[in-house]
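You will see chain A twice below: alongside chain B first, and alongside chain C after that.
On to the complex of A and B.
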């Protein structure tokens, strides 16, 4: 008996790794390998069509911080653009969907219908919402200005070609587009909070605000961490909205950093620079995400 | 129409070359087959495109003709396939943006097409990146010279003294006008403005009747292209002669851009015109004039209720000039070694289509080939024909690898000026500074 059991145990020891293997392979080939190759690329002047791909050391990185380099002003302008967008959109995308979720969590007639309505824009692709809003927001022909005019408000706001309006448009459209997704995540979190906690709070005489503050919010903490982290990352990846709606206007002030990286890599065929920018951006976002986790864990303690 | 004569000419020439060509073609094919496809020096094979007598080959052709032009192109290819039993051309169409991004990868992995259609301003970049191969032998074997084409189009296909593209057509910027709105303003729609004085007078007359004359788009399509035309009209240029410096901050260029900005300032154009809004407004009767590409002719023909006409751009500056680009045929380099038969067949196809570009003109493009432009068949395409004179003074972008990114700096500067974000001079100065950095960077990269 004993030898058999030992064999089973020995064989069993490999089981978890066998189960992990398929994903591990995918991860190695499609996630880790590209990252390693990206680092390799970033140390070269790399146009895959040109025979000559000289090793340039950290030049591609130094260029990002050297004000005399050809990419410096474009890089920091686009990074600033993404930063502005993230700072404006993340608070709205964290708070508004929470309110929405709390409302949609109540029992009222037509609840399923409204849940579907708020989630609906999220199923549209960025090309669809981009073209749609570009024409709706057009300063001279758009429906938005027409409607504002009808109610006596200024009807000549340059929603997509002037600042700060272009940012307001981009943030507004993104909130309209993706708020439903965050709301669904919150909704799932809300349904995990036991009803007894609310009952107990009521018995203790807690007001609606106090129940929200001391029962709902603590109950949602892990969900909040998830929503804040993914929303920051999604906002930092801004590309399609500004590419289609404002087209970077005025000038290149609304060109996002991801857009600029794509342009470097694919339009200007400089994969080395594009890789250096991607890696620098990734490191910046990693710092933000780590800070994020720290803040939420601190509160938990 | 000459069409009765032209096929006969072809027939004669084909018969004449057949006698010659069979011998020559086979000899060339044999020699090359012996070499085993040396891809370091992809060059002459066959007799340069007069005939193909080898075994049956399948050719792949890529293009970006996603509009109505795509259907016409496919019809031409079908016709070619029925006329040539031993060549079969298959066509794949992508959006131009995707197309240019996709082509290099496909070529380097050995999955590229045999023939690629390309805009003139892309030729140098793709030649420098060794994606397309020289075609000088096609030009010389077919006895194509500058005289057969407009000089501007013909010379645009040359990079480092070698020819990489055989021009198919050219598509300039044209001046579209609403005949109904002109009549309302008391203007003669049979005589659209041709110079600065007439153009400005027309705008004033329209304004007096509360009709919006122009929509000055701040975006490349189509405001930036209007600005590009005007810089050349005022005697300026985007680059110096040997394309080592950007010079679109010259007094002439700044004057041209200022003229565009003043249209907005003087109320001849609304401010903050959105992308495509100028053309939408024109079609909706909210704008009397629109400077737009020749490709809009077919679109406007689809709306019978729009009363319109088209003419060459009025001469606002000291000379005539108009933005233009051109579609060119190119032969792609093959990573796995060139197949001499395929290359020879590809050249036959390019020559055949170039000769049949009259049908292509119906797709809304001016044929590059002079004999086709002079044919009575082309004269009957009145709208497209009206823009043919622009061929003589068309301002094509220079043949310079990576030039697209550099020209973008002009469009960005133009955008800032028209939107009133920067004074025209300041906008152009800032743009030129960036353009020169990019030019130096490209020179280093491509070893120009």
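On to the complex of A and C.
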């Protein structure tokens, strides 16, 4: 029996929702609910062992700014650790990959091979990277000190247990690990800049530096904004490198803020304060991202 | 000109050394005996080549069931990639091609979560999976991660770039939406689906932060979570630790070599459309 027109239309109206349902279920439970629940948690004293979870208003937030609270010094120390790491790693991860991309952005035999080689470390997980570099940076048995010794430099630096070496290690490893990722993004952006612009600049007698400054950089502006923003977010999410390579050492000085939040929320049974920290961190990052957009837009005018 | 060529290749070779020597050193060390790896100054080549590291790692009845971790990781990564492909492709198709009430709102919410730092979701998500009774099970490392908005966003962009004519012709021939989706749109989208599958697999295979907090029993761990334990158990017994790192690297490197084009294409596109 042929379906009636009305039934067809009704079935048709449900179709988009049927297509969406499987994903929306996942999305609601594991992406949207966590945001709402996070805000809710941050307003409560949430100890897994407590039978009731009393509402405490903004106390969890106030504790983060009150030097008498138990979490104050650890929170700011870990936030500072992530801040130092971000300030040191972002400039390198914005500039060095651009160099790699410019190097790769010309026709020569083996180009795809070298692109793949530079990208390769990125496909490995932070667990592999962490174990590998903990070994390479070992003060006695590590390759890094061995190579430095070979060229006559000090060969007994405590790369993972002393400052400032621990910072240099975390930043250096992260640059080695993720530079290829940013380079690939830049390379796609470079290939979108019309070749005629370079031709015209050459005809006008522009030097290689002038062509880079006045053709390449303006052409890359949207890509630069993307790279700067995502690199800041990625650096602010620092966890595995400091957990596995420096293990927070010396003391807890290289313990990242994400590490501290998760530790406080899960291991220390203090989900309320941990949620307040997460939200405060998110807001700080939002301010940085908005500032980025404004800076890049301003330059465009 | 020839001089510039030489300069270019010198730079490329030096950079290649910087990116590959650490990985080569990892493999060489995994093939050393314990005393060989403790030698100061260290030597490049294992002398003799030993399977000590791998034997320690894979010994039966060990406290660290590495093969079990490998299997858990493989199962979780394949299952999550399949879940992402199925759910994201259907949702992305609805968002790209169908008109319905609430479309703007739903898409806006999905895009908005791309800007929420994932680490800040961990505490609430921990409570959610605890309530579901999923802690320390396979589900906890397969399902929540599939809610990521990236797949929907990525496939929607791709579907929007497909010409509508084929779908319109199929409608005239009497095909329903599901038939059009499975017989026309999905086959046309193989490159994008392959890219997403590879990226989803690698993301799950490499995940570290989430599994170390939601899995507890020795038998349930993923390989990255287990590697953290190995580091603690074997400390400076580097052949064993490096053998573990090699084991976790091999599937990722093999996939990269086979699907390099897809991975690079996926990453490049995320930058341009992001």
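Methods note: the second predicted complex is superposed on the first by the 267 of 301 C-alpha atoms of A that agree within 3 Å, B and C clash if a C-alpha of one lies under 4 Å from a C-alpha of the other, contacts with A are read in each partner's own complex, and residues count from 1 in each chain.
Convention: contacts are C-beta pairs under 8 Å (C-beta built on N, C-alpha and C of every residue); 3 or more make two chains touch, one makes a residue touch a chain.
The structure presented is a predicted model; accordingly, all values stated were derived computationally and were not measured.
Enquirer: Do chain B and chain C fit side by side on chain A after the overlay, or clash?
Expert: Superposition result for chain B and chain C: clash.
Enquirer: Which of the two partners, first being chain B and second being chain C, lies in contact with A:22: first, second, both, or neither?
Expert: second
Enquirer: For A:266, is the partner it touches chain B (first), chain C (second), both, or none of the two (neither)?
Expert: So A:266 meets both chain B and chain C here.
Enquirer: May I ask you to decide whether A:126 touches chain B, chain C, both, or neither, giving the answer as first, second, both or neither?
Expert: second
Enquirer: Please work out whether A:134 is in contact with chain B alone, chain C alone, both, or neither, and reply first, second, both or neither.
Expert: both
Enquirer: On the A-aligned overlay, A:67 touches which partner chain: chain B = first, chain C = second, or both, or neither?
Expert: Touch status of A:67: no partner.
Enquirer: What is the contact status of A:250 with respect to chain B (first) and chain C (second): first, second, both, or neither?
Expert: Only chain B is touched by A:250; chain C is not.
Enquirer: Once the shared chain is lined up, is A:158 touching chain B (first), chain C (second), both, or neither of them?
Expert: After superposing on A, A:158 lies in contact with chain B but is clear of chain C.
Enquirer: Once the two complexes are aligned on chain A, which partner has more residues of chain A within touching range, chain B or chain C?
Expert: The partner that reaches more residues of chain A in the superposed model: C.
Enquirer: If the two structures are placed on top of each other, which part of chain C overlaps chain B: 7-15, 25-33, 43-51 or 61-69?
Expert: 61-69
Enquirer: Indicate the residue numbers of chain A shared between its chain B interface and its chain C interface, in ascending order.
Expert: 134-135, 138, 140-141, 266
Enquirer: In their shared complex, at which residues does chain C touch chain A?
Expert: Its residues touching chain A are 5, 8, 11-12, 15-16, 18-23, 25-26, 29, 37-38, 40-42, 83, 86-88, 90-91, 93-95, 98-100, 103, 106, 109-110, 113, 115-128, 143-149, 152, 177, 181, 202, 205-209, 213, 223-225, 227-228, 230-231, 236, 238, 241-242, 244-245, 248-249, 252-253, 255-256, 260, 263-264, 267-272, 274.
Enquirer: In their shared complex, at which residues does chain B touch chain A?
Expert: Checking each residue of chain B against chain A gives 101, 104-105, 107-108, 129-131, 215, 218-219, 270-275, 277, 280-281, 284, 286, 402, 404-405, 412-413, 415-416, 419, 421-422, 434, 437-438, 440-441, 445.
Enquirer: Spell out the residues on chain A that touch chain C in their complex, using ranges where they run on.
Expert: 12-13, 15-17, 19-20, 22-24, 26-27, 29-35, 37-38, 41, 100, 103, 108, 110, 112, 114-121, 123-128, 130-136, 138, 140-141, 143, 146, 149, 176, 180-181, 184-189, 192, 223, 226-227, 230, 233, 236-237, 239-240, 243-244, 258, 261-262, 265-266, 271, 274-275, 278-279, 281-282, 285-286, 289
Enquirer: Along chain A, where are the residues that touch chain B in the complex?
Expert: 45, 47-51, 70, 73-74, 134-135, 137-142, 156, 158, 160-162, 247-252, 266-270
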